[in-house]
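Chain lettering (A, B, C and D) follows the sequence in which the chains are written, and residue indices restart at 1 in each chain.
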Amino acid sequence: MISDTPALEPWQWPEERWRALVGQVRAGRPLRPASWKDGARCAVALSFDSDHETNELRDGGRSIGRMAWGEYGARRGVPKILEILAKHEIRATFFVPGVSALLHPDEQRRVVDEGHEVAIHGWIHELNSELPYEAERDLMLRSSDTLEKLTGVRPVGLRTPSWDFSPHTLRIQKEMGLLYDSSLMADVDCYELLLEGEPTGIVELPVEWIRDDAVYFGMHRFQALRPHMPPSAVFDVFRRELEGAWHEGGIFQLTMHPHYSGYRSRLWILEELIDLAKGMGDVWFATHAEVAAWAKEHAA
Amino acid sequence: MISDTPALEPWQWPEERWRALVGQVRAGRPLRPASWKDGARCAVALSFDSDHETNELRDGGRSIGRMAWGEYGARRGVPKILEILAKHEIRATFFVPGVSALLHPDEQRRVVDEGHEVAIHGWIHELNSELPYEAERDLMLRSSDTLEKLTGVRPVGLRTPSWDFSPHTLRIQKEMGLLYDSSLMADVDCYELLLEGEPTGIVELPVEWIRDDAVYFGMHRFQALRPHMPPSAVFDVFRRELEGAWHEGGIFQLTMHPHYSGYRSRLWILEELIDLAKGMGDVWFATHAEVAAWAKEHAA
Amino acid sequence: MISDTPALEPWQWPEERWRALVGQVRAGRPLRPASWKDGARCAVALSFDSDHETNELRDGGRSIGRMAWGEYGARRGVPKILEILAKHEIRATFFVPGVSALLHPDEQRRVVDEGHEVAIHGWIHELNSELPYEAERDLMLRSSDTLEKLTGVRPVGLRTPSWDFSPHTLRIQKEMGLLYDSSLMADVDCYELLLEGEPTGIVELPVEWIRDDAVYFGMHRFQALRPHMPPSAVFDVFRRELEGAWHEGGIFQLTMHPHYSGYRSRLWILEELIDLAKGMGDVWFATHAEVAAWAKEHAA
Amino acid sequence: MISDTPALEPWQWPEERWRALVGQVRAGRPLRPASWKDGARCAVALSFDSDHETNELRDGGRSIGRMAWGEYGARRGVPKILEILAKHEIRATFFVPGVSALLHPDEQRRVVDEGHEVAIHGWIHELNSELPYEAERDLMLRSSDTLEKLTGVRPVGLRTPSWDFSPHTLRIQKEMGLLYDSSLMADVDCYELLLEGEPTGIVELPVEWIRDDAVYFGMHRFQALRPHMPPSAVFDVFRRELEGAWHEGGIFQLTMHPHYSGYRSRLWILEELIDLAKGMGDVWFATHAEVAAWAKEHAA
């Protein structure tokens, strides 16, 4: 860990300090396979963060309105998403906070029964960077145990809540022997994560704000956050990302939230993207775990 | 009520605390009828929140500019909306704060005379979650009395101002014997509200930020809030929600504000939605009270 | 003036308090003529707020970057706007803070020489609601004297900077014998302003955020304010407002700023609106003073 | 330097104070050549600010997620941009903070090897207006030395980080004998910078928020900043600016960032602009240094 030097402003820092900050967690070896499973040209890795009520609980849990919004994610959002995935015979990954899983245990069982992956997404959607090492480690292990107990499957991947990756996160992931993380964004292809310059063996399956529905559909009554991007424009952004991935033979990774995309005016985006990808041909729809494992094994 | 445990962060909470917070108000039995009145396939429940000057009064009432904006809602917005509803022979619901009703009593009488519903929307657009129980109860009753005295009709429904539902709101609604609330968003269909796990008999007719003009047209000079969504894109979102509701045989519930939608560049949205719904056929335009009552009586 | 009652929250206020706050400045008699000059169906009142460097000075004047932005308004924005107005032989109104006029005296002379109106827009773009009565009155008079001295014409109208109308503004406008104000928004037509319920004889020519380029093109590096509305969508909003005004036989009033609209990607909006209005026929392009005077004299 | 007068509000300032604030740095003689190199009608000056990890370091460097975002700029953004420039045989300017150059020395060498200009962009993306004169001067010189040492070329131009131009910046630029600055926006054409009314010989090649990808694609998880402008609309804005520049025979200056525009859904904007400009004909693609030098030498 890097100690604080409160007396200095960043422009006064000695070189070792900014090098140390930059060097904590870094993109290492690119993990780009020559082709994907069954010779597919492009991998499509869809993910859904089933935060539900934990977004509001994390902030103190005082708003009954926002709690109802979270409940929508479980009551209506996830079922509609599962219907679409089933109809198209596609498997995907659901990142689920421990508390959310305990509030909705049947949902997790159904998700796994229908062939999808359930992966770690913190305990109560806490911000890792605000936690001491012991707390972060404890919550991460407890989350993993909770998901395993409910679904019978031990998770192999983790997405930090709010993509808030602490200086301890990677160390804990290594201790836990995880296959992959999906919270960072230093590339479009998978890469091996470096911890203070050392290879960890852990695969990063990169996310991007550009490919996150929360960016466009976020809303907070008492802040200036509004869903100002029309759904058709959101689709257009995702479409361009997908087409670029197909063109380059890479990964189209997407992050959606049941309480953002699970609405009548937005669910079509998911369905149309699936149709579009299928129409392109040579596409492998896979869970994050499958994509990360393939990239790790078949990196050029 | 749930007591504060200030010493603990949410990630430290014991399970009973987060379960208690989540369990305060919850979606219970779905209230989805097999069909709507006269066999209609889709119910269209239009609502208008006649906040007028109370938005500014609630914040301290110092801005004469924002007060004039509120006055616009009464002087120009409501009359234009009533014209459109009359032309199309459609009835709708107006949620009116008590103070707004007292400032514009003729408006409320006209609204009721033209066949629309007037329902409760707080006293001065206060935030319920900031009030003690006694104050919230007193303001809610006073608001109901005010509307009844002005229009001759006792309101049967309530929408909390800013959809800010306090831990006391549902209890007070039960005491008042209300038919429905329209402030929460745990589903697209009506549902019965649960108070700490117990059915209340009160119907929730769910709202959504997606179907609220204030989300797209909000503006605050001294904040970053701006109406960045073009009217045509707002129409497109509402259209998709309407088409989805028709397709599923559900409810298209919409929230508009006279001081947001009552402008030359935006009123067409309302009119075009009505035309669109009529063109779809098998649509029942009804007040919130009628939709809630029908859902309660005919739930499958 | 209404005294403060700091001990009470708005929801606790006695009726006389909220009635007094609402009643300070109010829309009175509508001033809607049967037709406009020469029988025109629609009046088009274009206005340009030549704030230039005063936006930054008002905030403390520390940012050289924002000062250069203001300079753009004078160096490039106003000349391009004047070219367009001259090409189309149209007259308009320029609201100019006193300090801006002193920094750019030739600009004001040219504006008046080319037949346009120069009107009051505060001293240094100050916020009136933060000023004591004496200061507001002094700055308003000084601004008027400054404009008269520079251009030879005594202004007859005023737009408060940031449309921030104080409890003293209307009283001072009355003392100054102004014909009109253009800062409030209680209607789409002109109306007579009431001061604590009494007619003042002063015409309000209403503005609206919807018809203000700053709303869509505002930008502040260290806040979340960004110009997120594409120029084509801004044009579309203004077009709808214009068409509505023409259809109803009313006024299309528009507010632009040289440092917002005076750019290659935005100037076309002004020009295309003028073309559109001319193509509609029966349109009277006039200064704010002319529109206000006509409305006052010919109100039905 | 202008001393503080903390006891006075801007509306109370004496004339000499606001004149002094305005007069610190000012646009002087326009530097608009009759035509560009080889008789070209329009100059296209593309620039890329290679901030990479320094955006996060400047703010304290605590977010590993934002650091990964910066790493993306270097790992993926710059290579993709260089590919596009090479394919179209176009040269451009890269503004690089000293720390960013030290973190990515090979990148700077490649940029220069491929014929592009590397110019100064502060040390660690610090805000100049928060620095004492000595610190700003020291960081600027150190940045210049760093770039020269790495690339073998002494920079001749500077863009202040965040376009935050301090009261000392121009004085230091003069001491350093720079050819040009590119941080201010008082015109669309080049102009000579005035320091307290005196010509400096330094050329301003003006930027604009309108022509900066960061404005539309900015994103901050814990603020309300979101990339709400669809890429097609961003292209449309840039296209209009380009067409206006061509029409007037001026400069199309553009600012992009590898970590904003270097994505599959956005890189096409750069490529399509280049195609469009080439299709117009008579266009000179040049570095900022070349455009500034030409403007200075051939001003009418």
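Heads up, the rule we're going with is that contacts are C-beta pairs under 8 Å (C-beta built on N, C-alpha and C of every residue); 3 or more make two chains touch, one makes a residue touch a chain.
These figures come from a predicted structure and were not determined experimentally.
One copy, chain A, sits rotated relative to the other, chain B; on C-alpha atoms the angle is 90 degrees to the nearest 5. For chain A, the chain with the farthest CA centroid is C. Chain B and chain C touch with mostly distinct residues; of the residue numbers seen at this interface, under half occur in both copies. With each centre defined as the average position of its C-alpha atoms, the distance from chain C to chain D rounds to 34 Å. The mean-CA centres of chain A and chain C are about 48 angstrom from one another, to the nearest whole unit.
Residue numbers of chain C whose C-beta contacts span two or more other chains: 224, 228, 230, 233. Of all the residues in chain D, the ones that touch chain C in their complex are 9-13, 15, 18-19, 21-22, 24-27, 129, 160, 162-167, 169, 183-188, 208-210, 215-216, 218, 220, 223-225, 228-230, 233, 236-238, 240-241, 243-245, 248. Residues of chain C that touch chain D in their complex: 53, 57-65, 67-69, 71-72, 75-76, 99, 102-103, 123-124, 126, 131, 135, 139, 219, 221, 224, 226-228, 230-233, 263-268.
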